[in-house]
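In the two complexes that follow, subunit A is the common piece, with subunit B as its partner first and subunit C second.
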Partner chain A sequence: MVKRILAIVFILIIGFWMAKALDQVPFGQDRMLVGKYYLEHVKEETGAVNAVTAVVVNYRGFDTLGEVTVLFIASTGVAALLWRKKRKRTAKTEGSVVLTTGARLLLPFIMLFGVYIFIHGHLTPGGGFPGGATIATAFLFLYLAFTVYEVDHKIFEPLEGLAGVGYVTVGLIGLAIGGYFLFDWIWQTWGIGKENIGRLLSAGFIPIIYTLIGIKVGTELTGIVDNMIKEPEEGGQ
Partner chain B sequence: MSVASIIGQALVLFGTFFYVLSSLGLIRMPDVYNRMQTATKSATLGSLGVIIGTGIWAIGEVGSYSWIPKTLIIAVFLLLTNPIAAHALIRAAYKSGVPLWEGSIVDRYKEAESSLERVEEIKEKLEEPSQEVETNE
Partner chain C sequence: MGEASRISRYIYTVLILFIIWLFLTSSLDPQELTIGAIFSLVVGALTYEVFTERGLGNLNPKRVLYFIAYIPYFLWAMIMANLDVAYRVLHPKRPINPGIVECKTTLTNNVGKLALANSITLTPGTITLDVKGDRYFIHWIDVKDKSVEGASENITKPFEKFLKVIFE
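So, the complex of A and B:
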């Protein structure tokens, strides 16, 4: 009881100080320094209509590469922690007929929607990470509805690695052409889709990178689910 | 105020009315199964009304038809997924032994399961030598 009261008092004090500090920050006023530059120059510099994805992929591309690396390390870490030679799914109850039929029916639609999200990253809200998570949701749906379902690991893990390599390759081509890593060579040097802003074939390498990130995130989250859902077989080590 | 706006607003009102009804049902109903019933059916219908109503409202207000396909896709997706989710939830609740309301009279699912078990027992007996079955009868 004393512990709980002490915790509540501490949290209240911390919250009070945070509110006090945030009170100094003006709200709803135009005090942007960098943000204004992004909003004014995003169209002619990157070709993207969605300023968030332009910042995430183009202006601050290193952060996205870091995020992708974090996800890759998470996936690899889970796989390394749960590694056994013989692992199998031990689920016993099959989902009901309604559930399995629903999963079969909805799977292509969920996949299509995930692909839509990451292809249209430069036009609509979303991008590679939400699209990849949606695709992983489709696979999670299959894993939960069927007791025997398992993804094809011979295709999945190489695809994951290839997508990551593709991202770095796009960055390295930028280094070769423009002089720095993750330079947007398709937009700045080639100028593909310059008069096409706001349509699908624009925005330089943002759709390409987001396609790669979407594939990577989708396969990675599916791999994490796959690793966590399987249990070691009897006697297998 | 065009006709499309009025129809859309009426549909949105209709949908929100069903939302209120479904949340009322969540408070009012006695057990999990009855609550899922109200929550699923009236919330799905309410969402359909609100979503499609928004699409039609946009025709009258903005004059653009581009909202209609989007809202229709969302509505169809919701219409397909919501019953499946409710089905899975209720089935899981029944399998993990959530009791029925004491006022409910029949539990055909349990009867069917027990009769299935009886069928299994009879099958096992049939696999044994046939004269034993005769003596059992």
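So, the complex of A and C:
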């Protein structure tokens, strides 16, 4: 009881403290310093209509590479923690025909929508991470509806690695052409898509990187689900 | 009813996906169409094996026509059932007589069974609890007939005459 009261008092003090600090920031007023630059130059510098995407992939591409790395480490970490030689699904109750048929029918639509989200990253809200998560949802569906379903690991893990390598390669080509890592060579040097900003094939390497990120995130989250849903066999170590 | 050839199933999946893509983008920009076609081909290749069993056979004009006719029919059934439930909620005596009944279906195809189960659930007053083989277990808000035949007559028959043509 004393513990709980102390915790509440402590949290209230921290909350008051933070509210006090945030009080200094006026709400609804123009406080943009760097932000203004982004909004004014995003179109001619990156070709993306979606400023968030341009910041995330283009201006601050390192952060996104870091995020992808974090996800990769999470996926590898889960795999390492749960590693056993013999592991299979032990679920015994197959879903009813309504569930299994529904999952089968929805699969292509969910996947297509995931693809739609990541390929339109530079035009609409979304991008590689939501798109990839959507694709992983499609696989999660199959895992939950069918007791024996398992993705093809011979294709899945290499694909995940290839997508990551593809991202770095795009960055390295930029290093070779433009002088720094993740330089947008398609837009700045080749000028592809300059005349059709706002249409699909614009925004330099953003659609390419988001496609790779979408594939990577999709396969990675599926891999995590796959690892967590399997249990060691009886007696197997 | 056997499985259609792989090519037919693949083409059918790609076709459906491309139509969905058209609805998603709602633009006929050639760039969108090209990318959409490419991704439909890719996603179709990944998913056609689980998506469809009959392939292009689904596009039989009779089936499509029945499907289009089924939409207003189903919507009407839904509106009437909703009004019925609203009446039961608002009525001071709340005339409900709930119970779980067993129904029989003549549908053999899984997709047809899914469509029937969803149609039953979406018309308020009846909820599909489980489907086992050709038996449906349905929670009915106002049980009029406890026997299998009688319940089927009331619940599944009205939808079956359409779904039979569409999915069998």
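The definition used in the following text is that the second predicted complex is superposed on the first by the 237 of 237 C-alpha atoms of A that agree within 3 Å, B and C clash if a C-alpha of one lies under 4 Å from a C-alpha of the other, contacts with A are read in each partner's own complex, and residues count from 1 in each chain.
Note that in this section contacts are C-beta pairs under 8 Å (C-beta built on N, C-alpha and C of every residue); 3 or more make two chains touch, one makes a residue touch a chain.
As the structure is a prediction and not an experimental result, all values here were calculated from the model.
Asks: Assess the superposed three-chain arrangement around subunit A: do subunit B and subunit C clash, or do they fit?
Replies: Pair status: fit.
Asks: Can you pull out the angle centred on subunit A between the C-alpha centres of subunit B and subunit C, to the nearest 10°?
Replies: 20
Asks: Is A:G166 touching the first partner subunit B, the second partner subunit C, both, or neither of them?
Replies: neither
Asks: Looking at the overlay, what does A:P232 touch: subunit B (first), subunit C (second), both, or neither?
Replies: Touch partners of A:P232: none, neither subunit B nor subunit C.
Asks: Which of the two partners, first being subunit B and second being subunit C, lies in contact with A:M111: first, second, both, or neither?
Replies: Second partner only, subunit C.
Asks: In the superposed arrangement, does A:I119 touch subunit B (first), subunit C (second), both or neither?
Replies: A:I119: touches subunit C, not subunit B.
Asks: Where does A:G102 make contact in the superposed view: on subunit B (first), on subunit C (second), on both, or on neither?
Replies: both
Asks: Which touches a greater number of subunit A residues, subunit B or subunit C?
Replies: On the superposition, C touches more of the residues of subunit A.
Asks: Considering only C-alpha atoms, give the closest distance between subunit B and subunit C in the superposition, rounded to the nearest Å.
Replies: After superposing on chain A, subunit B and subunit C come no closer than 5 Å at C-alpha.
Asks: Quick check on the output: what are the common subunit A residues between the subunit B footprint and the subunit C footprint?
Replies: 96, 98, 102, 105, 109
Asks: Name, in rising order, each residue of subunit C that touches subunit A in their complex.
Replies: 13, 16-17, 20-21, 24-25, 29, 31-32, 35, 39-40, 42-44, 46-48, 50-51, 110-111, 113-114, 117-118, 128, 130-132
Asks: With touch defined as at the start, can you tell me which subunit A residues reach subunit B in the complex?
Replies: 93, 95-96, 98-99, 102, 105-106, 109
Asks: Which residues of subunit B touch subunit A in their complex?
Replies: Touching subunit A: residues 77, 80-81, 83-84, 87-88, 91, 95 of subunit B.
Asks: Please name which positions on subunit A make contact with subunit C in the complex.
Replies: Residues of subunit A touching subunit C: 96-98, 100-102, 104-105, 107-109, 111-113, 115-116, 119, 142, 196, 199-201.
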